[in-house]
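Following are the structures in question.
Look for chain A in each of the two complexes below; its partner is chain B in the first and chain C in the second.
After this line comes the complex of A and B, so read on.
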């Protein structure tokens, strides 16, 4: 521990260790922290990724329909559902799902690794992923809607319609492609929300993932594990936003990095 | 200074002088009351917010029992009438009383957290936007750094250092909100800085501080107000999550989040301990969100997703 060293020396030691992939050793289990985190990250990333997929696959169609049918019944239904969705804590949706699916074959507890069969894996993470994905999808849906509304009133959309382009082409190529840019930005920012949600949802579904480890080590005051987890979260968060930056260049060729403007 | 600011804001709001938002001369309060008259969303939202606020304020009068007293039968299901309309929890405490007192603390945490974020974020945005140059660079880089720390992370750090207390969620959520407020204020200031009335104030030699707080800030109030409502809704949800995880308030402090945490172990035996507080959170947050969205429509503020 080198607690006799001055703080700055301890800090330099710690930083040196981190750059070499050494996050320290747990007070509690004497295991290397990195090993512990790698061991539990799979369920968390599985739930997070599937949750994001669910969110996007709700948000895109609902947002587009809502924008195209503004102030019509479809829009009102979508809006009401979206407001309900973004007013519930993720873990509480999880609790509701546990109660509803308690008597069905879909497991409401635990996790099996993807290596032990795809169906079993999917059936274990589907409910936690829905719990995480619903609020996230609701926020994204509102974003898609307002972004689409704005884009669809642009001059180039009117031009596209005026020259007789197929409406599908107008909506998806001229509309959606431009509307997605702010949505992608927000999706990146909301990754933090999603991550916090997964941590709480894991507790509800008894998944021994990253959230369990994190909360457990806070209760045990296992500082090396807490530190390592915090570093991991920031790393995921910043990494995710880097990915978002790359996605920009894919959906909008006007944005280029490091090259000519 | 603060009282003068409030005076200026209320004068602008109540029509003492007109505001100059978005290039149109119009009055915020007038716009708002017009929206309230015809927008169903605003009516529903405002009613929910009003009812919940009243419950929170008059909690000791409304709650039938002491939220801490454990003198009742354990885990009684809700009957919606009688002695314990919402049932009792695993320690034999009256759930209705706990939810009512929970309203007090949950709203207090939410509002304090957002106030914390506003009080630091708005002046940062004002200085960054008005001074520009290196002040802008310095402040906005600080804001960019803060952005990499979600409330969950700050709460973990705060709990690890300080232990559980009601200050942890306030600080964690508030800190995570600073960057939203700073960015929104700065964006607004950048356009107001070029308005004629700002230039006029500059030309008659008004001090920079006075210009920022008396000319610019009152005219940047609309988007900040919208962000304030949206952030309060988010703050209540985050408090619930943090307390549920055990990195918020102490489990003995009855916020809605800690009520949910107590229900966690009894989902199968006593669903109401978890479901009822969650339902109350949902209704409250829904009310605030609807109200915020109506404000957004009324003030014509773009959806930023900064939640």
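After this line comes the complex of A and C, so read on.
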């Protein structure tokens, strides 16, 4: 452990190990930390990804409708639902889902790996994914709404109308892509919020995922595992933002990497 | 005589705001002949742009409401048309060029596609322009560069003087200069083969040398495509260079209209006279320009009568009467009670009345 070394030496040792793929070993199980994390990351990423998909598929249509029908009943309903979604923490939504679905064939506990069948896998992660997706979708929906509203008052939208395009084309051909540019940026940053939500939701649904490992290690003061988990979250976060940057170049022609002017 | 291409009769457009009703355009009438360039000039807030957008029915409602006795285009009243019919006319029969080419082009679409889509919607190009095929074109396959509409776009870009159009068509607006973007706007306006182009301050955002080129381009295209143009500007110089006839707007009302030469040589309305006096001349030996005292009246709950009376040096008690347009020459009208018969009778006793023979253009 080299706990007798000065802190900066410990830190340099730890960093050196990380660059070689060595996150240390657990105080308790004596297992390599990297192995432990790889063993539990699949459920977490599954829930996170599906949760994000759910969030986006709520946020896009709801946000667009809300913007186009501003101050009309559709907008008020969407806004109220959004604030409801925002003010309920993920684990609370999770508990409600458990109560509602307890007597249905949809499992409310545990996880089966994707390799053991797609249907079983999906049925196990759908409820936790909804629990993390709803609050995230609510935030995103408000973003889509305000971004869409802004774009719809832009001059080029007026130009599109002056060309004689019908309103659907004005919105979806000329408006949507522009409205998504700021939303995509925020969506990447919010991914951290979503991952945080997964940690709590795993406990509610009894999924042995990354979140459970992290919380268990904190309770056990298993420092190497805590450190390894934190650095893993950082990598996921940075990686996600890199993906967002690539998506960005697809939807915003004013940003192109690599020479071409 | 053939009927005019566009006839606007008693157009009134207002906006209902929290402070009250803003009467942005207050009962104006004018007509545009075939092949003519008709200028509308006025200060900021005089209702020029709202007039343009009212013709196109591009006023957002609420808060805007368009009222008119008629807006006749080729003899048919646009106000009685259904929304799909209006969309056929927009871009196809009447197209529009906007003020700021920086913000009026879509930043995420190639300029070629922005021109081509107008051709697809308004011309017979054997390409589908339905919702799903447009979405597929936009998000899945990309615009076809072999298509008729794309070729039309390149042809138009060439005609409006964009260099290297085949290359440029693939570029995005941010890759073009301001003047080039305005040429793209013009190409876009021509793409549906319209009979009338409404140009809302097309050169205001450009520098002077580019402005001259663009105006020159407009004049040439007018002949080439046989279109009429409504040119909206606050720049009397632009009007003088390009327009056949003009209308002077103030506070939502038409002050004077007539042939460009007549109005410039012999302005009949005190407001027009004051405007002419405020133009700096290269031969000036004036130390100060003649500015019009005061400012444009508030358009919220506007009182009846001449809106200019507060700032007019010839104002008299009759100015609170509702405005009437008086004939003051051949196809030349001025909305000023000084030209009414009663006042003209008394005119001999009134030294203060405007002596149009001593018009300001001769003073300088």
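Couple of notes before you dig in:
Going forward, the second predicted complex is superposed on the first by the 257 of 261 C-alpha atoms of A that agree within 3 Å, B and C clash if a C-alpha of one lies under 4 Å from a C-alpha of the other, contacts with A are read in each partner's own complex, and residues count from 1 in each chain.
The rule we apply is simple: a residue touches a chain if its C-beta (ideal position, glycine included) is under 8 Å from a C-beta of that chain, and two chains touch if they have at least 3 such contacts.
Computed from a predicted structure; not experimentally measured.
Contact with neither chain B nor chain C is seen for A:49 once the two complexes are overlaid on the shared chain.
In the superposition on chain A, A:226 contacts chain B only, with no contact to chain C. Contacts of A:190 after superposition: chain B is touched, whereas chain C is not reached. Contact with chain B, but none with chain C, is seen for A:234 once the two complexes are overlaid on the shared chain.
Of the two partner chains placed by the overlay, only chain B lies in contact with A:87; chain C stays clear of it.
Comparing chain B with chain C, the partner in contact with more residues of chain A is B.
Of the two partner chains placed by the overlay, neither chain B nor chain C lies in contact with A:112.
Of the two partner chains, neither chain B nor chain C is touched by A:120. Once chain A of one complex is fitted onto chain A of the other, the partner contacts of A:173 are limited to chain C, with no touch recorded for chain B. Within the superposed three-chain model, A:154 lies in touch with chain C and out of touch with chain B [touch as defined at top].
Once the two complexes are overlaid on chain A, none of the chain A residues touched by chain B in the first is touched by chain C in the second. Listing the residues of chain A that touch chain B in their complex gives 83-84, 86-92, 95-96, 98-99, 102, 139, 142-143, 146-147, 182, 185-186, 189-190, 192-193, 195-197, 199-200, 203-204, 211, 214-215, 218-219, 221, 223, 226, 229-230, 233-234, 237-238.
Within the complex formed with chain A, the residues of chain C that make contact are 56, 58, 84, 87-92, 95-96, 98, 100, 103-109, 117-118, 121-122, 131, 134-135, 138, 172, 174-175, 185, 188, 192. Partner chain A is touched in their complex by these residues of chain B: 147-153, 156-157, 159-160, 233, 237-238, 240-241, 244-247, 260, 263-264, 267-268, 271, 274-275, 278, 281-283, 285-286, 289-290, 293, 302-303, 305-307. Partner chain C is touched in their complex by these residues of chain A: 154-156, 158-166, 168-169, 172-174, 177-178, 181, 251-254, 261.
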